[in-house]
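As written, the chains take the letters A, B, C and D, and residue 1 is the first residue of each chain.
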Amino acid sequence: MRGRLLRTICSIALVTAAAAPALGQSDRWYPSPWGPEDQRGAANRLTPEKVLEARNLITRGSVYQLGHVYEQAMPLFGTRHFSLRIPQTYGPMGVNRTMYHDEVVSAEIGQVSTQFDGLGHIGIGDLFYNGNDRADFSRGDGLLKLGIENVGAIATRGVLIDVAAFKGVAVLDGNYEITRADVTGALQRQGTEIHSGDIVLVHTGWGSLWLTDNARFGASAPGVGLDAARYLVEKEVVLVGSDTWATEVVPNPNPELQFPVHQLLIPRNGIYIFENLVTEELARDRAYEFAFFYAPLKLKGATGSPGNPLAIR
Amino acid sequence: MRGRLLRTICSIALVTAAAAPALGQSDRWYPSPWGPEDQRGAANRLTPEKVLEARNLITRGSVYQLGHVYEQAMPLFGTRHFSLRIPQTYGPMGVNRTMYHDEVVSAEIGQVSTQFDGLGHIGIGDLFYNGNDRADFSRGDGLLKLGIENVGAIATRGVLIDVAAFKGVAVLDGNYEITRADVTGALQRQGTEIHSGDIVLVHTGWGSLWLTDNARFGASAPGVGLDAARYLVEKEVVLVGSDTWATEVVPNPNPELQFPVHQLLIPRNGIYIFENLVTEELARDRAYEFAFFYAPLKLKGATGSPGNPLAIR
Amino acid sequence: MRGRLLRTICSIALVTAAAAPALGQSDRWYPSPWGPEDQRGAANRLTPEKVLEARNLITRGSVYQLGHVYEQAMPLFGTRHFSLRIPQTYGPMGVNRTMYHDEVVSAEIGQVSTQFDGLGHIGIGDLFYNGNDRADFSRGDGLLKLGIENVGAIATRGVLIDVAAFKGVAVLDGNYEITRADVTGALQRQGTEIHSGDIVLVHTGWGSLWLTDNARFGASAPGVGLDAARYLVEKEVVLVGSDTWATEVVPNPNPELQFPVHQLLIPRNGIYIFENLVTEELARDRAYEFAFFYAPLKLKGATGSPGNPLAIR
Amino acid sequence: MRGRLLRTICSIALVTAAAAPALGQSDRWYPSPWGPEDQRGAANRLTPEKVLEARNLITRGSVYQLGHVYEQAMPLFGTRHFSLRIPQTYGPMGVNRTMYHDEVVSAEIGQVSTQFDGLGHIGIGDLFYNGNDRADFSRGDGLLKLGIENVGAIATRGVLIDVAAFKGVAVLDGNYEITRADVTGALQRQGTEIHSGDIVLVHTGWGSLWLTDNARFGASAPGVGLDAARYLVEKEVVLVGSDTWATEVVPNPNPELQFPVHQLLIPRNGIYIFENLVTEELARDRAYEFAFFYAPLKLKGATGSPGNPLAIR
C-alpha cells in the first residue's frame, strides 16, 4: 500500500513537472472559466446570435453531409470493433402482413468512424475537464459527469481551413504538423476569419485514404500541432474537426508527447474534437464558410457520439 | 427461382385480397414514382428551395433538441436491449500522461429511444419499398438495398401538429386515433399549412410518460390513423414524427390490422417515420413552424438510425 | 490532488482498521501459499489423484447438467444484459445449397445466469487475489493477470451439501444464513465428508424461483455465512457452488458488510464461486457425491465464464 | 401458405435434382430415425453405458483442455467479431470495500474460436435437421426448434484419428482431402476402433497455424471428404471434431460443392461438428482413446456454443 501512496505522489509530480513546460501552458487550467460545476465547456459559447450568424450563411440551399459510412471495412483504431447484423425478419403481423427488420449493433459507437469527442474522453493523468478526477465520475455504467448528453446542440458558423490547398497539395504528408502560420496563411488565402463561437474544420486531404488505404490512413496523420491549436484556442472556437482520425499530428514531433493537442483542447479548454469528417466536398467547392448543424446522440454517460453533421450554405 | 416467383405472386395475392380493402388503397404501389431503382423515397422531395424555406423560418436563433436520452432505464420494445459500458481507462500515454475513456455500446441502435425508421424497416408481406423483395436484399451483414446510408440529409421546413392542444388536453388517451379532421383542425387552430417536402411532427403529449410510466407508455399509443395518414401522404410530406413509440395509433381500431400506417407511409409511399421525439417544448412554445435538420447515421445496410434532430426558429 | 492523496491514506486505514476484525481473519492474506506469481489459487489442489477419485464415483452413468438456460427472461443483476439474435440466414452456397445460421450475442457473459467467478472478479479495496493491485492488471481490453484463461480444467470429486433437506424445508428463507453447524449437520445427515481438493455445491432450494419469481429470486438469497465459509476454507475446497445468484447470504446479517464471503473465498483464499447452478436434481436423487467436470471458456482476460458443468455418478 | 408449400416443393426439387447425385446419397433423409419431433439427432446415441465406457478409459487422471483461447488476435471467419471489455471497476461496497470486475462480451459466440455446431446451424436449401423448414423455426430472437439448449451433455468415449501421423507429416496440406482409407488406415496404425456412440477428433496438424499464421489458417483447411464422412456416419458417431475451422476439406475437391460434409453430418444425420479444437497434445501423447466431456452452454435458440471440452484418460 505504501507503493500506491508513493505512486500518487509521483503522478502529481510528473504531471506538474514534465507536462506543463512541454505544453507551454500554465497548469492552472481549472476550474473552468464557466464555473467549477460546468460540464459543457466551449459549448457555452453557442448563443442565439451564433445561430443567426449561421443562418445568414445559407444562401444556396446546398447541404453537405460530413459523416462517413459506418461499415465493417472501415479503418478501426486498436481493438475497437463495429458489428452490424440484421436479425431474421419479424412477422408477419395482422391481416395486412406487416413484416419488419431491425439491426443489432455493437461497437465503441462514439469512437469509430465519424466520431465526436466529448469532455469525458480525454484526461491529463487522472484529471479531466474542469479538474474532474476520474475516480469521482468514471463508472462502468456511464460517466457520472461530463457525459455526452450534456453537450447540447451545435448550430453555429463553421469555417473550413483548407491547409492542403494552402500547401499546394491534394494530401498533406502523414506526419505533417500544421503550424500557426499554416492556419493563418490558409485563412488569409481563403479570405476567411474565425469568430468566437465558430467551429472549424481542418482539411488535410488525408480523408482520401479512407477505405482506399486503411493501413496507411491509421498509421499516422497530418494534423494541427500545439501552436496551431493554441491559435484556435485564442480564437475561442467551440470545436475543431478534421478529415483525419486524430485531428492533431500523429506522431507528435516531440516523441515524448502523446496526443497533447487533445489535452490542450478537451480538458484544458473544453473544446470538442470531431474526427473522420468528410471535408473533401467542402474543399472542392471552396465552401469556406457555412452553417454547421450537429447534436450528439444523448448517450447517457458516454464519452463521445457518432454523427453525420451537416454543413449548409 | 420459380418457387420465389410463386411465393411473390402468392404474397401479392394475399395482400391484395385481405388488406387492400381494409387500407382503402390501390395496391399498385410500386414501382415508385421516383423510378424502379429509387431507394430514397420521399427524401427525393428535398431540394435547395426547401432548405431556403427552412432558413427563412430561423428568426430567433432558438434551438430545440428533439432527441431523448439513451439510457438503461428507458422504455424498450419487446426483447430489444441497450447496453453502455465504460471500459477501464486507457493510458497513461506519453510524458503528458494522456488518459482516455471509450464506451462500448450494444443495442438495436436504430430502434431504441429516439429512432428514425428507414425504408428497409417495414414490409407488406415480403415486399418492401419500391417492390423490393426481402429475399433479394435482406442479408445478415446488412441490407443490400434501402439501407439507411442512402437517405441523405433532411434540412427542410417542419410543422408541429399539436393534436393534444386541439383536443384540449395535455395528453391524448392511449388508444386515441387521430383523424383527418383532427389534423386539419389542429392545423387550422394553429394557422399552419403543410407544404410539399415538409416534415411534420405530431404532438400527442404521450411523451410525458417517458421514464415516468414506461409500462403505460409502451402498452399502447395515441397516434395517427389511416385516414389522417392519407392526408399527410396527400400533402407530400417527407417524414412523420411523433412523441410516441409508434407514431400511429396502437392498437389500431381495426383489430385485424397491425401497424397499417407504417405500411402506408414507409413501403407504399416512401415516407419516413421518426419515433420517440421530444415535442413537448415545441408545443409549449407554440413553435408550429421551424427549420428541421437531421441526417441519419450512415450505418451501412441498417434499417434505421438513432438521432437527436434539431428544430430551429 | 491533495484530496486523492488523503483518500488513498484513508482507504488503507479503512481496510485495515474496519474490515479485518469484521471478517475475523488475519489481514496477511498474500502472497498466496502457491507463491507470489500464482494466478490459479485453489485450482492448484487439482491433481491426477483427484481425477481418479472422481472417476471412482461414476457407477451408474447418470449425467446431470448443472447449467441454466441463458435466455432473455432470466433474472439479471443490476444493469447487466443478455441479447441473442439470429441474423438473416446466410447462403445458399454451392450447387448443394448450403445455408447456415449464426447467432450474435452480447452480454456480461461471465456474470449472467450460470456463472463461474474467477480470481479477477472480486477485490478487497484495490487488491485482488495474491495481492494484485487492480491498477496493475485491470485493463479495458482484458485483465493482464488473473484472467479466466488461467484456471484450467476442474475434474474432481464433488459433494452436494443439501442444507434445505437438513433444515427440513424445500426452500430456505431468502435471508437465511447457513452456519457452520448447518454445513456439518447436513454432511452428517448425508453421511458425506469433504476431502481436500473437492468442489462443493450448496443446495438451498432457492433455485426453484428461477423464472418462476425472478424479482424475489434476485432480491435476496439464502447462503453461506462467514463461519460456514471458513469451514469450507479449512476443508481446502477448490470451489463453492450454489443454486442462488450469490452463493453467500444476501443481505449479510452484518449490514455493514457487502459480499464478505466472496472476499473470503476469492481473493483471500483463491477459491472459486459458481452461481446459479441447477442443484435440484442432485438433491432430489440424493446424489451427494459425484464426479464433477467443468472447464471455463478461455476468454482471455475475463473475470468469469458461463458454463454448463456436469455432475456424473 | 400455399406460396410456402410451393416454395418448399421447389426447394426439395432443386436439392434433389442438383445435389443428390453430387453427394451420392439418397435424398430421403427425413424424418429422422429418432422420430419426426426429434431435435437431438445423434446425441440420442448417448447412454449410461457410454458414460461407463468413458469412465473405464480414465486410468492416469490426465486432463486435456481442448479449447482455444478466445481473444482479439484469433482468426475470425468473414465479418464475425469478438469484443471483450472490462468496464470500470464497480464498488467499493460495504465497510469491507468489496470491488468487482465484470466483462462485457459481444460476438457470434457460437461460431468463433472453439465452436460446437448444433443442428440449427446448417441447412440444405431451406431444410434443416429432421426436415425442419427454416421458415418455421428461424426467428430473430432465437430458433424455435433445434436450439443448442436441446443437445444435452456429451459424456462418452472419444477417439483421436491422427491422420497427420498416418500420412507421416506434422501438418496436412491446406486442401488435403482426408479419404475413407486415410481414416481406416490411421485407426489401424493406432490400433483403435470406433464404437457406436463415440465422438471422434480428427488431428490434421492445421491447428498449429492458430495465431501463428491466421491468414493461411483460414484460407483453406485439410479435412474429411465426403467418403470419409460417410464412414464416420456408418460408425454411428455422435460428433466429429477437428483442429481446423471447418473439419471438412475446404475447398472441396468438387468445386461446385460448398460444405457438403457439414450437410451430410448435421442435417442429414444429426451428427455434431466441433471446430477449432486443440488436438495437438492428444496427438503428441498418442492419447487415442479417452473419456470426453462437454456440454454446450444452454443458449436458448442458438445455433452453436463456445466450449472448452475435456479429454481425460
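As a convention for this text, a residue touches a chain if its C-beta (ideal position, glycine included) is under 8 Å from a C-beta of that chain, and two chains touch if they have at least 3 such contacts.
Keep in mind the model is a prediction, meaning the values are calculated, not measured.
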Over-half contact-pair match to B-C, picked out of the listed pairs B-D, C-D or A-D: A-D
Measure off the straight-line distance from the CA centroid of chain A to the CA centroid of chain B, and report it in whole Å. 29
Distance between chain centroids, defined by C-alpha means - chain A, chain D (Å): 46
Quick check: what residues of chain C touch more than one other chain, meaning two or more? 72, 79, 83, 85-89, 102, 104, 106, 126, 138-141
With chains as vertices and touches as edges, which is it: line, ring, star, complete or other? complete
Of chain D, residues touching chain B in the complex: 2-4, 6-11, 14, 79, 83, 85-89, 104, 106, 141
Chain B contacts chain C in the complex at 72, 79, 81-83, 87-90, 102, 106, 138-141
Across the complex, what residues on chain D touch chain C? 11, 14-15, 18-19, 22-23, 47-52, 55, 58, 60-65, 67-72, 80, 84-86, 89, 91-111, 120-126, 134, 138-143, 149, 152-153, 155, 256-260, 262-263, 293, 295-304, 306-310, 312
